[in-house]
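Structures given as structure tokens follow.
Same chain, two partners: chain A is paired with chain B first, then with chain C.
Let's look at the complex of A and B:
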């Protein structure tokens, strides 16, 4: 089968707010950098363009329509994958493997600071009949000074007008964290150590926004938001954009680029019914199984040199570590404690700082994680360089309240 | 540098402040309609049983998501509006990330005689207590005030 390589990467800095730029600007910046990195002209050399975006995050209906100009895709094959950036990598790889396309651009971004009602948009991802109403009154707040409802029907369809009573949807993470602690014998302090490690790693990453020198005690003393989940267990949101250029192996050779192969990828979705869905991150286990099979990986703990895995909440790093087969059930905390997952350990996890250190960049999370793997495999990771890294895994979850996610495995050629 | 010059004056950037007029009417669906119409007239719930895997699905479904087979009419069953708290969390923040006037105890409640669960708010002022395993009963609105939505379950009372 055609082998697929990463031939270019580009990214913006990751910032908590970006009021000087619009979403098109950060997309343009990341794409332009990736095209320069790959040495390709998008108007001539790139056959297909994929953006990974979700209308609601962007504030547009049919966001696809707003994509071509700033990624260099005008009047070219261009589509949007409504999901994390790793789904985009998988789709791009398949386009290349059909033989129809040789070079494909994949972009994902977050301009979450533009979104004034983040909690409400996440609430809108919950089932409107069985789950969402539990959060409380559902009247939409009125931000633009415009009437929210027509004069003839000034009342909201459901609920009262007291918006301050509506519970933030992250309460679901509080429930899941409790499940994780109980079923694995992990403690809150052990989860806190994930934030300590990742925010420490972020010091070594120039584009990270949330580096910090903290102890587990700081995390433990941060307020309970959704007990047992504390404020510092939560990845803060961030803006940023990432672009990848993937190509048929032969193109990489023609360009004289040392190939880094996208060896395997996988994706999986659990039921949206919270009433019957498990809390074991089956989506991660299944997507990893698919990716391992494709990449001929039999013993992940021995064959994978480093991994960037979803840590939108501290416990998620440990939960995902186990689901991906990189730790036995209940043993992720031991690996963390023994320093195995530190940059200098046997299996570095989130050397970039992860979402806790870089920030939660929504659908760009998987590409941010893949970006770190590529920089590591190229040997361009500076002070956070993992020595002799040859095989790296990137994994992303689609965030609350989803039970979906994807995995990508890269190998240095 | 992709841009030759970047904005360095924080007061200069302008923006358009928009909002989305996005109101929806979400139908309860065929199974949901039956479920909520039952709650409007009864103090109990309905569930459906899958013949293939034997799971009692709650909230009731027309088809089993595991087996992808239809559930026959005779497999609908009445179950008590009671359950056991599997997981709980004390929520302190509202949707805007600000403090709620009062903490809310949000729970995942395993519904009796089913393999399903429901999210709910536990009626209690004791936010220090461990509610795991607590027995709870749905506190339903008075029958004449029920509207056939999840709001008919005001919260959950400890039994």
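Let's look at the complex of A and C:
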């Protein structure tokens, strides 16, 4: 089969707010850098363009229509994948493998700071009959100067109970964490150490937004949001964009680029029935199985040198580590404690800082994680460089309340 | 044909049935679930759009060049979608143009019939190029019988103290009268 490789990468800084940039501008910046990095002219050399975006995050119906200009795709084959960036990466690879396209651009971004009611969008992703009524409407901040309902004529609440009787939809993570702690014998303190490690790694990453020198005690003393989940167990949101140029191997050779191969990818989706589906990240296990098979990986713990895995909540890193087969059940906390998952350990996990250190960049999460793997395999990761990295895994979950996720495996050429 | 008139229409036994009416939904005679999302956005505009809207607030239509593609672009943008290069050299354009296309619209956003049709269309701004280059707006001070493609028009601005940096700081475009 045609071998697919990454020939260019581009990204913006990741920032909690970007009031000086339009969403088009951050996409343009990431794409332009990727095209320069690959040495290609998008108006001539790129055959197809993919963006990963979800309409509600963006605030547009049919966001697809607003994509072509800033990715360089005007009047060219262009489409949007409604999912995490790794889903787009898989689609781009398949377009190349069909032989129809030689060079494909793939972009994902977050401009979540433009969304004033993040919790409402998460809530809107829940089942309207069974799950939404027990949660939201969520409390929203008071934004100066924006239209709101006057005090004497407040907006009527949906459903029967008062707003204060309801919970923010992130309570779902509290449910899952409770289950994880119980079934694996992991403690809250051990989960807190994930935040300590990832925020420390973020110090070595110039584009990360949430680096911090903290101890597990800081996390433990942060207030409970959804017990056992505390404020500092949660990845804060961030703006940013990432773009890759993918090409078939021969194009990379013609361009004289040392390629990073996309060896395997996989994706999987759980049922949306929140109360009956599994709580052990089955989507991660399934997508990894698919990717390992494609990449001919038989013993992941021996063959994978480093991984960037979804840590939107601290316990998620440990849960995913086990689901991906990189740790045995209940063993993830031990790997963390023994320093195995530190940058200088045997299996560095989230050297970029992960979502806890870089920020939760929504559908761009998978590409931010892939970006770190590619930089590491290129040997361009600076102070956080993992020595002799040859094979890396990137994994992303689609975030609450989804049970979907994807995995990509890269190998140095 | 004569026979046809005497034929009685036949229906299958299950038809015609009873239509669901709005009142049935309101009175909860049928089961349904209802949700009203409360979702708000406030988009940062970036350099190009901010400058354009600031211009409108000051009663000016601003454009920007892509010299490579020989375009004078309005509404301005930070990059040119044709060559993918950055735009440069801002200029103030005259607030006159030509109707590129239009429609006489009889429905409001809820598809209710309206008495006085609304005139809406695309204006090619005079100094911008290549044609068509301009934006969408309303037309006023002209009848549905007078409006035509190729008609010369001029912006009618809101009073300065009512402008807020919006495309609606222009109220509408009116016919460009003789001598103007």
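To be clear about the criterion, the second predicted complex is superposed on the first by the 383 of 413 C-alpha atoms of A that agree within 3 Å, B and C clash if a C-alpha of one lies under 4 Å from a C-alpha of the other, contacts with A are read in each partner's own complex, and residues count from 1 in each chain.
What we mean here is this: contacts are C-beta pairs under 8 Å (C-beta built on N, C-alpha and C of every residue); 3 or more make two chains touch, one makes a residue touch a chain.
Not measured: the values here are computed from a predicted model.
*Asks:* Looking at the overlay, does A:79 come into contact with chain B only (first), chain C only (second), both, or neither?
*Replies:* neither
*Asks:* Once chain A of both complexes is superposed, is A:42 in touch with chain B (first), chain C (second), both, or neither?
*Replies:* In the superposed model, A:42 contacts chain C only, not chain B.
*Asks:* Under the stated touch criterion, name the partner, chain B or chain C, that contacts more residues in chain A.
*Replies:* B
*Asks:* Would you sort A:28 into first (chain B), second (chain C), both or neither based on which partner it touches?
*Replies:* After superposing on A, A:28 lies in contact with both chain B and chain C.
*Asks:* For A:69, using the defined touch cut-off, is the partner it touches chain B, chain C, both, or neither? Pick first, second, both or neither.
*Replies:* A:69 contacts chain C only, not chain B.
*Asks:* Which partner does A:170 reach: the first (chain B), the second (chain C), both, or neither?
*Replies:* Once the two structures are laid over each other on A, A:170 reaches chain B alone.
*Asks:* For A:135, decide between first (touching chain B), second (touching chain C), both and neither.
*Replies:* The first partner, chain B, only.
*Asks:* For A:94 in the superposed arrangement: first (chain B), second (chain C), both or neither?
*Replies:* neither
*Asks:* Of the partners chain B and chain C, which touch A:113 in the superposed model: first, second, both, neither?
*Replies:* So A:113 only meets chain C here.
*Asks:* Please work out whether A:19 is in contact with chain B alone, chain C alone, both, or neither, and reply first, second, both or neither.
*Replies:* both
*Asks:* Identify the overlap between the chain B-contacting and the chain C-contacting residues of chain A.
*Replies:* Touching chain B and chain C on chain A: residues 19-21, 25, 28, 32, 59, 117, 120, 128-129, 140, 143, 146, 158.
*Asks:* If you look only at chain B, which of its residues touch chain A in the complex?
*Replies:* Touch list, chain B to chain A: 2-3, 6-7, 10, 12-13, 15, 17-21, 23-26, 28-29, 32, 57-59, 65, 86-98, 100-101, 104, 106-108, 115-121, 127, 132, 149-151.
*Asks:* Help me check something: in the complex, which residues belonging to chain C touch chain A?
*Replies:* 33-49, 77-79, 81-84
*Asks:* For the complex, give me every residue of chain A touching chain B.
*Replies:* 19-21, 25, 28-29, 32-33, 59, 117-120, 123, 128-131, 133-136, 140, 142-144, 146, 148-149, 157-159, 163-171, 174-179, 182, 223-229, 271, 273-276
*Asks:* Please output the residues of chain A touching chain C within their complex, sorted ascending.
*Replies:* Going through chain A, the ones touching chain C are 18-25, 28, 32, 41-43, 56, 59, 68-70, 72, 74, 111, 113-117, 120-121, 124, 128-129, 132, 137, 140, 143, 146, 155, 158.
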